[in-house]
């Protein structure tokens, strides 16, 4: 396996080149506009960060600008729930790819309220429900966990976005009530949703995200601190779900073209895990038809090809 | 990456131990019975083969008994079609996980006759259609290709199973006619189905299957011959589709627990690719609720854990 | 058309005979048990009332016992909404049969939040939403309307059932939030649901129900008062929707076997309209697999056959 | 019930007036174009016939031009199957409205190959299958039956359309094979489809159709011959299915606006039954979005309103 990865002598320069290529592309896609607080963000921002297993982080562009991580936050919620609930979690949510648009209610009905995986909205709401039920102050616990992972106390929830999410959350409420009707929500529906929207509203930079998830590339051990965040087995499992289900209805294509576990959010962020190598986070608000960042996809695809990062 | 894989001093012994563990398990599952020719096979057979990249094959149990490879054959058809059609293929079939039972007609209707991936029946029928359309004698071409890959001229189609498949093929005919109505079948429907059933009816042993697919673990180069079967990129892509879609509606769970690209068939065979290491093929006819071999799953899971083979 | 209906000399006696036949049948079916307040009702009660256009009501059995009218109340809500909104109503709910179980969320998703008809739960919730939006006190308005139609001030909401419905209303909440996400609920979701559950919780006797809906059999004119409740055209339309959609997923069979517009509720009530003749209401709590009263179906079918009441 | 129907002194004049109104409307809709033989028909033709129970037929416009009756033929097939199979038929096809577009395969999958009613394509193919299985020469038997009903030996199958249907029948073949896979087709699939396409390809005029179905308005007795074609009960049942399911996904709206059992075909014909009064057949090739003749709908709606024909 030696020599599988070509470590470039100057990673910063490589990131800078790829960023420039991305910025030179014709504009395409549009920012998420289902809530005003997301629609008002400057859509032309673009950044990338690469956190190596030695603890270093290389960046280019707007990699230190906090953005709304949205569904990328589903990883944090899932890790907390796996740690807290163990394998019991998998009786309430499956780990199969969904094969549908990311928020379809149809499959949930067919499968009696058991979401196919924790990265579709319904699955993340179940995860939120377990956190609300197991923690006396689940929102504080979440923020502590995220700040600790990123080693940055200056990570916050964007209150505008949080309020905005709650105002436009009817579809997620429909998912939650449907699961409640199948007895797969334990807490009050409003409390589970409140946690879920709060989690989606965290602002982090590319650097923060890449650093915070290093343990997924390192068998559960956080590179910069040496802490065992989760078991090696759970790190493998998280990567597996990211691979099959992390990129909405473009997950298969992403595995096909890039070959890395990854998760995107409608805020324009994408994080990709390179087992035994590091974590990449790219961000740019304009989204393609699947809800994935156009430039984020471009930059991660280019970087993975240049460095031969595919797990396959 | 050095030392990632623990290569045991005696792989044959390890396979033998795992086989014995499998045979000691309480019996569970039943053979496929939708066609008499499959139902009549001795369900207690069990074998495993591991082909390394140096060309060696280690085996245990019934690893030299030919069995009906069924859906494992979808890999061979797909490789031929990728070679013949290039990226045009992906306008006729997607590479997204299906999120449904393996032969559901519902999704095909929703998505206007474009199958989600080439490992569900509808997708494999489209692949068969491209082969029928591009080869003057597609069935001979297929057999030559498979025999060449396995380096074994003594691989044949089981005529009983072939006839039996055709007699019980109404559901696949429904899929094919539905795609024809969306203009996604070019050839005569009967010809496409004939090729598809023929392909499913190939008999191969665990040793044959493991040897034949070595190139998927070796960046497109067949280990025992040194031939470049497909590009490195296409080998990565094939593994990606295997990972997200190869194990029916248990694909996510297999990625989660084992972390390897794999494909199963209702004949009881499962093949798993270990990039940069080798190919495993296990076989035993009794199937679990998802249509995957019970003992095959057990043996591959055990082997992957003992050797630390997960790609994640 | 003279002589189409055989008016028996003694209608009371005929009802009594049919009731006795029903009571002599082997017991089958079970009461609705999704809420305790319904499950606790004596399941062996059975009554029938026939209101003629001359204002007379003939009864047998427990025809004066108030029961939970449940979905029969959807007729009252719909009449109020048709009067208040006119044809605008039909932009928010269609009048097509649903072809599914009565509370399926799937179709609502496919059809972008527009329910197929006002007699499935989603449709009735839209109707409730229009009433909440158009009346300052929609619940009082409803009770006044129902009491006036039945000419009985002693009609009330069963508070136990009302509270129980609200406690077990997750599925209806899911429907409502899903429609809200498609902008087809104007009021606050909780207010629309509150009205909907209130309406379902009205208690009326067979006599009350039969008398209250006489106008549907009489071109919009209430027989006992002479009031024009709705236009002749709207009376026709209401009967048409009752015919195609009033009996859950047994609507077609009911039209086929009985040939009358009808509506049932899970409280065990069924009301059938005989145009130009009268209204029948039967009640008995045990339900068949479709959620329709077993003995109610029996009695109405027998009566319609004996008197030749089919509209066809 | 006296005076329910206003019989006009001059029915021919009334039809003429309504026809003229229809011809004065702005053009809308397009002819069916899925087969060339239908697309080539002059789309501006328009005719109407009204057959009274006394045996008289009143006509206006192109009421004597034979047109492709298409799905109107499903009535003839169904009557034959009901006569031949009795209530056994209803174990193979239900009588519930479908709630979907007329040829959806989704519901058939969900309901294990049992079509919801005999007027969707799947249901009519099951009906065709029963005829093929019960008659040694089902196509001849069908033609004899239809000619006898219409009292016209000069009714034929349009061979161009028959061949064209067979060439473009992939979707119906998909439905048939799917039902075969659920064991709900007994004959060879090709034979059942052959009969089905043959039946769809009958040419009849408005006059022929209206005369041939008089027994449905007359308790099973054919007005012009006095023959008892089917039982009174079966006539009622046929009308009930026509009412709930005869007009594709506009069946509810048709019941709502017109209030008559009816069946349409993509050739532009619509037949409506007025129980105890007569049968109307209108024809004009341009279709609305639901596949129903634009001018046919207009003329029947107008006539029903002018004469007060609604069954409600």
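To keep things simple, chains are lettered A, B, C and D as they appear, and every chain counts its residues starting from 1.
One rule holds for everything that comes next: a contact is a pair of C-beta atoms (placed from the backbone, for glycine too) under 8 Å apart; a residue touches a chain by one contact, two chains touch by 3 or more.
Here's who's who by UniProt: A, B, C, D = Glutaminase.
The structure presented is a predicted model; accordingly, all values stated were derived computationally and were not measured.
K.L.:
If I compare contact pairs by residue number, which of B-D, A-C or A-B overlaps with C-D on over half of them?
P.N.:
The chain pair with the recurring interface is A-B.
K.L.:
Could you put a whole-Å number on the gap between the CA centroids of subunit B and subunit C?
P.N.:
56
K.L.:
What is the distance in Å between the mean C-alpha positions of subunit A and subunit B?
P.N.:
Here subunit A and subunit B have centroids separated by 32 Å.
K.L.:
As a quick test, compute the distance in whole Å between the mean CA positions of subunit B and subunit D.
P.N.:
Comparing mean C-alpha positions, subunit D is 49 Å from subunit B.
K.L.:
Name the residues of subunit D that each touch 2 or more other chains.
P.N.:
Touching at least two other chains: none.
K.L.:
What graph shape do the protein chains here make by touch: line, ring, star, complete or other?
P.N.:
ring
K.L.:
Residues of subunit B touching subunit D in their complex?
P.N.:
On the subunit B side, the touching residues are 104-106, 109-110, 170-171, 173-178, 180-181, 189.
K.L.:
Which subunit A residues qualify as touching subunit B in the complex?
P.N.:
For this pair, the touching residues of subunit A are 1-2, 4-5, 94-100, 107, 116-117, 235-237, 239-241, 243-245, 249-253, 255-257, 259, 261, 273, 275-276, 310-312.
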